[in-house]
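All remarks here apply to the structure that follows.
By written order: A, B, C and D. Residues from 1 in each chain.
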Amino acid sequence: MTGQEMAFLALGAIAAAGGVAVVTARNVVHGALFLVAVLAAIGALFLLLGAEFVGWVQILIYVGAIVVLLLFGLMLTKAPLGRGALDNQQRGIAAIVATGTFAMLTWLVWHAFGDERITFVRAVRTADIGNALFTSYVLPFEAVSVLLLAALVGAILLAKKD
Amino acid sequence: MVAVLLAHEEAHATAQAAGFFAGNAWLIPALPFVAVGVIVFFGKRFRGKGAEVGIAATSISWLLSVIILVTRYVGGGGPVVLRSVRWFPLGRDLGLGLGMRLDGLTSIMFVVVTTVSLLVQIYSLGYMHGDRRYTWYYAALNIFTGSMLNLVIADNLMQLLIGWELVGICSYLLIGHWWEEKPNSDAAIKAFITTKTGDIPFLIGVFVLFAAARTFNITEIIHQVEDGNLSHVTLTAAAILLFGGAIGKSAQFPLHVWLPDAMAGPTPVSALIHAATMVTAGVFLVARLFPVFEASPQALNEVALIGAFTMLLAALLAMVQDDIKRVLAYSTVSQLAYMMAALGVGAGNAGIFHLFTHAWFKALLFLGAGSVIHAVHSNNMSEMGGLRKFMPHTYRTFLIGSVALAGIPPLAGFWSKDEILTEAFRVGARTIPAHGSPVVGSIVYGVGIVTAFLTAFYMSRAVHLTFQGEYRGHGRPHESPATMTGPLWVLAGLSLVAGFAGFPGWQKGFGAWVGVGGETRVPEAHLLLIAVSVVVALAGIGLGRALYARVPARDPLLRLGWFHTLLVNKYYLDEFYMRGIVRPIRDRVSAAIGTRKGGGILRYLQSGDVQRYAAALFAGVAILAFLFTKF
Amino acid sequence: MPAIDYHAVAPELILSGALIAVLCVDLFLPEKRKAWNSTLTALGVLGALGALFTLVGERRTTFGGMFVLDSFSLLFKFLFLAVAVVVVLMSADYLNDSLRSSQGEFYFLLLSSFLGAMLMASARDLLMLFVALEMVSVPAFLLAGFRKTDPRSTEAALKFFLIGVLSSAVMLFGMSLIYGVAQSTNLAEIGAALKARGDDPLVTASIMLILAGFGFKVSAVPFHFWAPDTYEGAPVPVAAFLSVASKAAGFAGLLQVAFLAFGGQTTAWGPGLAILSVATMTIGNVVALTQTNIVRLLAYSSIAHAGYMLMPLGVVAGQGAAIQRQAFAASLTYILVYSFMNLGAFAVVVAVGRKRPWNLISDYEGLSEREPGLALAMLFFLLSLAGIPPLAGFWAKFLVFGAAIDSGTAWLAAVMVLNSVVGLYYYLSVGAKMYLRPAEDPSPIGVPVPLVVAIAVALIVVVAVGVFPDFFNHFAPGATLIAL
Amino acid sequence: MSLAWVLTLGALLFSLGIYGVLARRNAVLVLMGIELMLNAVNVNLIAFDAWIRQGNATGQIFALFIITVAAAEVGVGLAIVLLVFRRRETINVDEVNLLKW
């Protein structure tokens, strides 16, 4: 087992355990904090897989912005505590669906990619990403900028009191 | 639009040879539609509020129809004129066209439709005078006329279907013309639902034929049937399914229940749509596709038996009605059943001949009834009586219509009814080869005779209750204006003479003009059968006179006891449909899918709970996965 | 670095310019002049339309194959811009009440969504498709909740948002797997890679996940549950937008993905889509029968119509090029025709809603007396939706029917015919209410000019296409993505 | 390193996200579930990208776009949730059901 594999296992374990904790936590704030752990582990995993820029963006945007937003949301809406208050009636169905999905997807990916290995991992330079983003991907980039603007304007409009 | 269509025309060779009028027969259905446009947009600016536009257009159509009939078909027929423009080509072999198929059947129907429509429009000048939706009424009448003519001229089933649906829509609109009163709009909705029930098998039948023949073109379908390209099973299925539509439109058992209620519409509308034209569309359909039916003895027998059953059933109901329009409505159901039965025993020409004569005297009777209703402001015969003195023109013409319907020679009804009975008898006696079964022929003859007796009886009853004795209503009735009595006399004249068109033994008579299914059988007289029919009809009239000459305080039919109750309640069919079919289905459907009141699947799924929607989404993905990977 | 073909994206550029302009100009408009926003928006859309006309007949590729302008995308772009004009006309009057002060934002969001739809028609790359899809959806989530004071509107937004985000997550998972299998996000390259790879359960599973995402967008059963709730709660012009432009955008994406990327896998998704389409049309029609709210009725009707549009895709499995092209054209035509008839019906709903904001079907009683023209227009739209000849809806159904017959799946054609009959009942029951029942309040409604124009545009298309169905033959088969 | 292991992690996170979306009644927790699902997609993309070793790093760029769009969605989602809270005093999604049938 290489060092890279060991690191992956550790990060994967954190992400998996954190994921389970997020969806079962009885306290919403704890849930959000577990989410931080998952997102950070995934960010680290990206770094491990050579996606440096994406890894840092993941940590910055998810941990730095999205989770904070979610926490604000929780605070503003006075979320109650306890399983009864946080879970609905179809927990059983949800568990079945989730388990089934996991089993099926796992079988599918092992069936298709069971023998494939990520042999050589070269880090993609941030400059390359930037280059690609502003040449071939400039159209979706601009489109996303409009999308962000729309989300911003709309969100403010809906959320503001009047 | 017409010009554009013509530019793309693929004219058949026959069109050139057909001469101007026959080649341009498409003008006949087109003109009323033009009139509709003018009436809708400019109608209210005319002095006659649009009525004159409709009348003018219909007059031209009528004139063309008569010219075509007289020049081409009276005296032995002419070639079939086919002409079509491609409207919408599609795919490999699908394609739609607007086309015309002008043959004897079409030209007879043209004359019937345009004549009755014209007379009804003239009559309505008086009858509908001052109506709040007068202009709209004329527009609707003209849409109806155009659509009916389009149905008749159609050379392909799609075009026929368009006309079929349009006449249906006009019918509902006109039944509900005075929709401010709820029973009227209920009647319109009932008519819609009932006839649509028949239209579902009809639609499927059209598609079965299409799927088998791979064309909508009627001429080509008939060719394929005659060449034996289509299997017997397909044709039987198609014929029986198509007949479903005919049952709905022509108000045959078990879908006859809408027609009596349709009398909620204005009386001229009843005369036009629910007596002379639209309701005959079912009969026309069977005649138009007669080779399809002929190829399947089972289907023919079904047509004959439904016809025989309906004629008796409806005639019995007509005996006990108090509403004069309902007497006529049930009578119409019964007479349409005669036509169906005739087609069912293979006597297509006789059936269409009866359609032709029936149109005149039944339209006459309806318009006469309308004239009476106009005078006494009631539909009920219990509030009439003695009108003979007040309304001499109406009385005389109504009497002529009644006698014609009862089947007394030499009036129109006698000839056509007798031809049907003679043909049925001969099929029963195996003296002519027939596609259906001889037993069925005998049944049709037997039931036909009984029905003829009943017909004479109820018409005699109606005439006595309405015109004889003392006036029992309110106010002082008066004769209707000339715009109303004029059409009555025209129709009375036609009722007197129309029967001679099919005079037995005349080689070039009606059967030769029309030739349903390409057959031109010359009607034969059978003196014994004629004697039986006449005696039966006279007996019916006599019984009516005996019972109702002096208006009895208590209807003598009450002596029939439970049977009378059964008839008054229309065999409880409406209740049966409501309680046995409509309500259980409606309740079960609404329970199953759930409504705002009940529970059910819908209530569970569309619960408003978004997470249940999400669960359904994943269920959908799972189902897709199952379908896709075919585990 | 590839040069950018600015001409090819000119309509989109004009539209983006317009949306920025609306946002900025709105800041300086006094309360009384807020209506200028709609004029500005309409001008922007018309400008884009003008730019689009200069591109007719062109075939251009730019941004490294990510953006393609061909007859397919042109057709959809014309549709979207035409729909945009009508929606703006519908909104102009609707926004004159409590929403008056936020008109600028409304049009801004509307234009953003339309911009997404425009991009969708040209997107030939999974990444671009995803971004375009989100661009259609995200502003739409916000628009659905635009009536902030109405709890039904906020609920509509919440449901729409949750289901929308969920299905895009599902779709993205499928896209990530496809990326892994095909090693590309370009649709044509994916198509080639998948053809070479052959049958693979992972590929079929990914296709299904992606189709689920589009199933949400076009509101196919069982991804449709959000639609009735959202349409009912959202402002009516937004519901019209969702049921027409958003659905058409979904179909634009679906057609591209299905035929370009998964064209070799028709036997995998064809039968599944056939069953989906049957379920969609049946459930939509049957449930519509029990509705009392006109918008909800139209919502279920639009679900049923999604079924008709999907049906041609269900018959292509294992068929030759000719049938595929025919099916493709049938689906495309149906979308075009449906857009106008449905838009027209919604425009009438907006008009009637001026007096009766609850949009009940019973509000239509006696409409023929109150507003004869409006009632007649509505009757035409309903009859067209029902597929009564000779209106446009009939030909659309006829084409779909023909595709089913020619591909030998007559049972689908039969199911469709039966469904059309069911549809007839509820469409005509509204018609019967308008013409056969007395009005509770006989006073006329008063239809403002923009709405009249909106209704007239839709009506002209519905009637003209009905009378001259040949119109389609000029471009529908030409707009074939599949170079067969 | 085996590709399938990373993909399995993706599948696991995706399934956990589904569970969260279906079983949690608090709207913000539902949003967290969706974030988990989107992250699962990113894990897949980055893993494939590393495995493919193509020059233009399509997978990474795709992941960047997803992160951006996810941020926009969370913003919009929270705005809607706040709006619902203001009208209803609750953000339990199973209690938001005025519209049904």
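Heads up, the rule we're going with is that a contact is a pair of C-beta atoms (placed from the backbone, for glycine too) under 8 Å apart; a residue touches a chain by one contact, two chains touch by 3 or more.
In this text, all values refer to a predicted model and were calculated from it rather than measured experimentally.
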item	value
Partner chains that subunit A and subunit B have in common	C, D
Innermost chain, where centres are averages of C-alpha coordinates	C
Most heavily contacting chain pair (counted by C-beta pairs in contact)	A-D
Separation of subunit B from subunit C, taking each centre as the mean of its C-alpha atoms, in whole Å	42
Inter-chain centre distance, subunit B versus subunit D - centres from mean C-alpha coordinates, in Å	64
Centroid distance [mean C-alpha coordinates] between subunit D and subunit A, Å	7
Subunit A-subunit C separation of Cα centroids, rounded to whole Å	32
Of all residues in subunit D, the ones touching two or more other chains	7, 14, 17-18, 21-22, 25, 27, 30, 47, 51, 61, 65, 69, 72-73, 76, 79-81, 83, 93-94, 96-101
Overlap residues in subunit B, where contacts from two or more other chains coincide	594-596, 602, 606, 608, 610-612, 614-615, 618, 625
Junction residues of subunit A, two or more chains touched	88, 90, 93-94, 97, 101, 104-105, 109, 113, 136-137, 140, 144, 147, 151, 154-155, 158
Subunit D - residues contacting subunit B, complex	18, 21-22, 25, 30, 93-94, 96-101
Interfacial residue positions of subunit A with respect to subunit B in the complex	88, 90, 93-94, 97, 100-101, 104
Of all residues in subunit C, those that touch subunit A in their complex	1-2, 4, 9, 16, 19, 23, 63-64, 66-67, 102, 105, 108-109, 112, 115-116, 119, 127-128, 131-132, 134-135, 138-139, 141-143, 145, 148, 157, 177, 180-181, 200-202, 205
Residues of subunit B defined as touching subunit D within the complex	594-596, 602-603, 606-611, 614-615, 618
Interfacial residue positions of subunit B with respect to subunit C in the complex	1, 4, 87-92, 94, 96, 158, 161-162, 165, 169, 172-173, 176, 179-180, 184-185, 188-189, 192-193, 196, 199-200, 203-204, 207, 210-211, 589-590, 593-596, 602, 605-606, 608, 610, 612-614, 616-617, 619-621, 623-625, 627-629
